[in-house]
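Accompanying notes for the structure given below.
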């Protein structure tokens, strides 16, 4: 390699080719995608390099729709609303919310996909579950902190079942999830578990469960930040100024 | 108001209602949306409180698809790739990229919508354009820094024209954009201008041009950050370590 | 010019020189600074390229100390605490807080420095103040939202007075601030105004008022995020889970 | 308990007390600290609740000074410079840089403190080192990627030695580091290791190694972002626009 090529190679990518008057996304001229592909389909294309079938795209879309918002109790939503009152851009407010979707807030789906992989590949699911519980009392994707019966569960699992029936996906992760649910009874699968089943069935690698959750939740973060900008507050704190935080120091 | 209601009211919202076993988005139970609404439609619903028609959703989708990526030269993309090598979460890498979509990087669409509003409402568009140029030599949404003919222009404007012909939108912002283009000849409308036309025709307020760009570009940011994680670099700098930044100090 | 040279020049800087076994900060070998310069002195050196006198460093330090914290009501503090419970790094939690120090939360000092510059250079301060108030009902650096008499005011202004008496600074911005305070009576100068006086007297350009506030407040942000990590909460929302946000939608 | 009281307790803190006309930091009225305590001393106070001795403060200051900058090759520095050209606030640019100080970029000090703790408490340091190397080929705080002899090493270790001689610290972590260095010969202790020794000797818990690094590096991040704003670039990419990233896709 010529010395002179180093900076170009440092930024090598297979995601897109951008040259004067040329934009290709995963090998497709962008003008061929605009108007012909849906947004969820382009998300799939950009992350995986191939286009989904319509049935795959619909299933992805169901999962993306299910996670957009969980109200101001979710730290990601609340901080974006507070950010929107501090004199920074709407993009900065969204970034502030997305920054909080970490291992605890946005990572359960990723961890659940790893769990489901292990269960699926094991002859002894009970041992797998026991090993995971020994490491952490929270089994990712199972149990609830808020909903005893999450309203998103049935439509998502039903969509997966239909996709199995139609031969769109093979159902191995759905079966693994049901196995875990039986072992944990009466602890139910939760929303992170349901979306993990969808993403695993569709063949996404576990880290992209978090990535897809980020794209989904960004919608709710933006909607809340935008609503907040219409209310005229400045430097919104977490509780009204009339309530003093309890002081516990010396 | 009872004192005791203050904290609840401090976080009042019309975006969503979340109670045990209940999640409503803009008044719709989430279970009714999963599987029946597309992701772009839910974006519209969350931001505006109403559902789009299928034709409106398709036009929004065209704009969202057009902006997902512009390669590693875009600072938002580059910083997310660098972030992904520093030992932080994928969500943190995406947030890092989104944080850069400010007035200069992600704000042209918003500013262009304001320009188009003024042109549309004026009897003397030339004076409006002259006034804008007096304030800043960059007229938002027009001119190019990279493409002399942006490949995204024709499919987007064609989609708007078709929507005008079908009575989906009224075309007033498209006409305003063409007026400005004539006045600036040979400076063309650019991608920020084209998406501004779409968002304005669909009735979005200007700040949401940036908001929608954030949702769109997040896809490319995520795809690039994810590709970078597969390459095993640690603490990726902007240029190869063999090239020393020029020192200009004492 | 070769591409490599272009890449080297693209990252040209006078702030530091880093080569194998060499680190120079503003022309000073780092080993000469460690142990001999204080942290506040190095802040000055890095931002301005020259070392402060001991008296200048002490005055800068007084301002830096004054702004470190304002409790969990400050959005920057609250979001960092919430971030610290979401499974992201302590650096990500600090970044989340710093991201909120925008025009409204962290920008008053910068704007106040511009106001003081104008007042100092004017023959008619009353007209300057009137013009600023016509643009925005909040005059940056004056008035209080919380403290009727801010406890940080007297020690900071006294420190400036002493520096004027000692010939360290010339007092022109302090006089400008007192002039504005007389014109606004009984509205007092606030903490942003006091630190603006310090930074202006020391010759910092206005944008660095925000920059220095960022360095100062980062200390409180870190201290609060760190305290929060010791309390074991997961996904801390802005209000306890027992309080439901008021729903105002359809 | 009333909802108001719940909300107050939700934000309980021992870091600061803020009431009208009262600001106390770790129990000290802020007006008593301004002008009498140095910035590094207040950092210590805020993080630990107690004031350092002057000798402890000087040693902390040496470590803080040593890490402020490592040039534009450091991702944290580069992204802040790029951010500063995108039309966002200086605080947003600093936050962007700080966000990258993760496990790989800013976490080595924290991990090294844990290693030194183990070595110090072990009868068999060689086994400890072998176990760490089995988990990861990078031993945190040892080895160099850039400097064969880091210029910050000697002044920092000398400062610790002097502090041991003066009875300021007990030297147990310094001895542990020297033990590891002997075992790894000729791999030297690096800057992360040197600051880890300082922070460990001073009694900081390991996660605060990263926290203190954040405070230190924020200075360089700010200085570079500020320099960049003076150069007038817009949307600065990682390499000059004349260099095309290599395309590796289909």
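The first chain written gets the first letter, and so on, giving A, B, C and D; residue counts start at 1 in each chain.
Please note the rule applied: contacts are C-beta pairs under 8 Å (C-beta built on N, C-alpha and C of every residue); 3 or more make two chains touch, one makes a residue touch a chain.
Because the structure is a prediction, the values reported are computed rather than measured.
Undergrad: Touching both chain A and chain B, which chains are there?
TA: A chain counts here if it touches both chain A and chain B, which gives C, D.
Undergrad: How many hops, at fewest, get you from chain B to chain D via touching chains?
TA: The fewest touching-chain steps linking chain B to chain D number 1.
Undergrad: Scan B-C, C-D or B-D for the interface that duplicates A-B, counting it as a duplicate when over half of the contact pairs agree by residue number.
TA: C-D
Undergrad: Roughly how far is chain A from chain D, centre to centre by C-alpha average, rounded to an integer in Å?
TA: The computed centroid separation for chain A versus chain D comes out at 31 Å.
Undergrad: Counting in whole Å, what is the centre-to-centre distance of chain A and chain C, each centre being its mean C-alpha position?
TA: 36
Undergrad: If you average the CA atoms of chain C and of chain D, how many Å lie between those two points?
TA: 20
Undergrad: Residues of chain A that contact two or more other chains, please.
TA: Residues 3, 5-8, 10-11, 13-18, 71-73, 78, 87-89, 91-92, 95-96, 99-103, 106-107, 146, 238-239, 243, 245 of chain A touch two or more partner chains.
Undergrad: Would you identify the shape of the chain contact graph, picking one of line, ring, star, complete or other?
TA: Chain contacts: complete, every pair touches.
Undergrad: What part of chain C is in contact with chain B in the complex they form?
TA: On the chain C side, the touching residues are 4, 7-19, 24, 26-27, 49, 87-89, 91-92, 99, 238-239, 243-250.
Undergrad: Under the touch definition given earlier, write down the residues of chain A that touch chain B in their complex.
TA: On the chain A side, the touching residues are 3, 6-7, 10-11, 13-18, 20-23, 25, 29-31, 33-35, 37-40, 42-43, 46-47, 58, 61-62, 64-66, 68-73, 78, 81, 89-92, 94-96, 98-103, 106-107, 146-152, 154-156, 158-159, 207-208, 210-211, 214-216, 218-220, 222-224, 226-227, 229, 239-240, 242-243.
Undergrad: Within their complex, state which residues of chain D touch chain B.
TA: The touching residues are 2-4, 6-7, 71-76, 78-79, 82-83, 85-88, 92, 95-96, 99-107, 146, 234-239, 241, 245.
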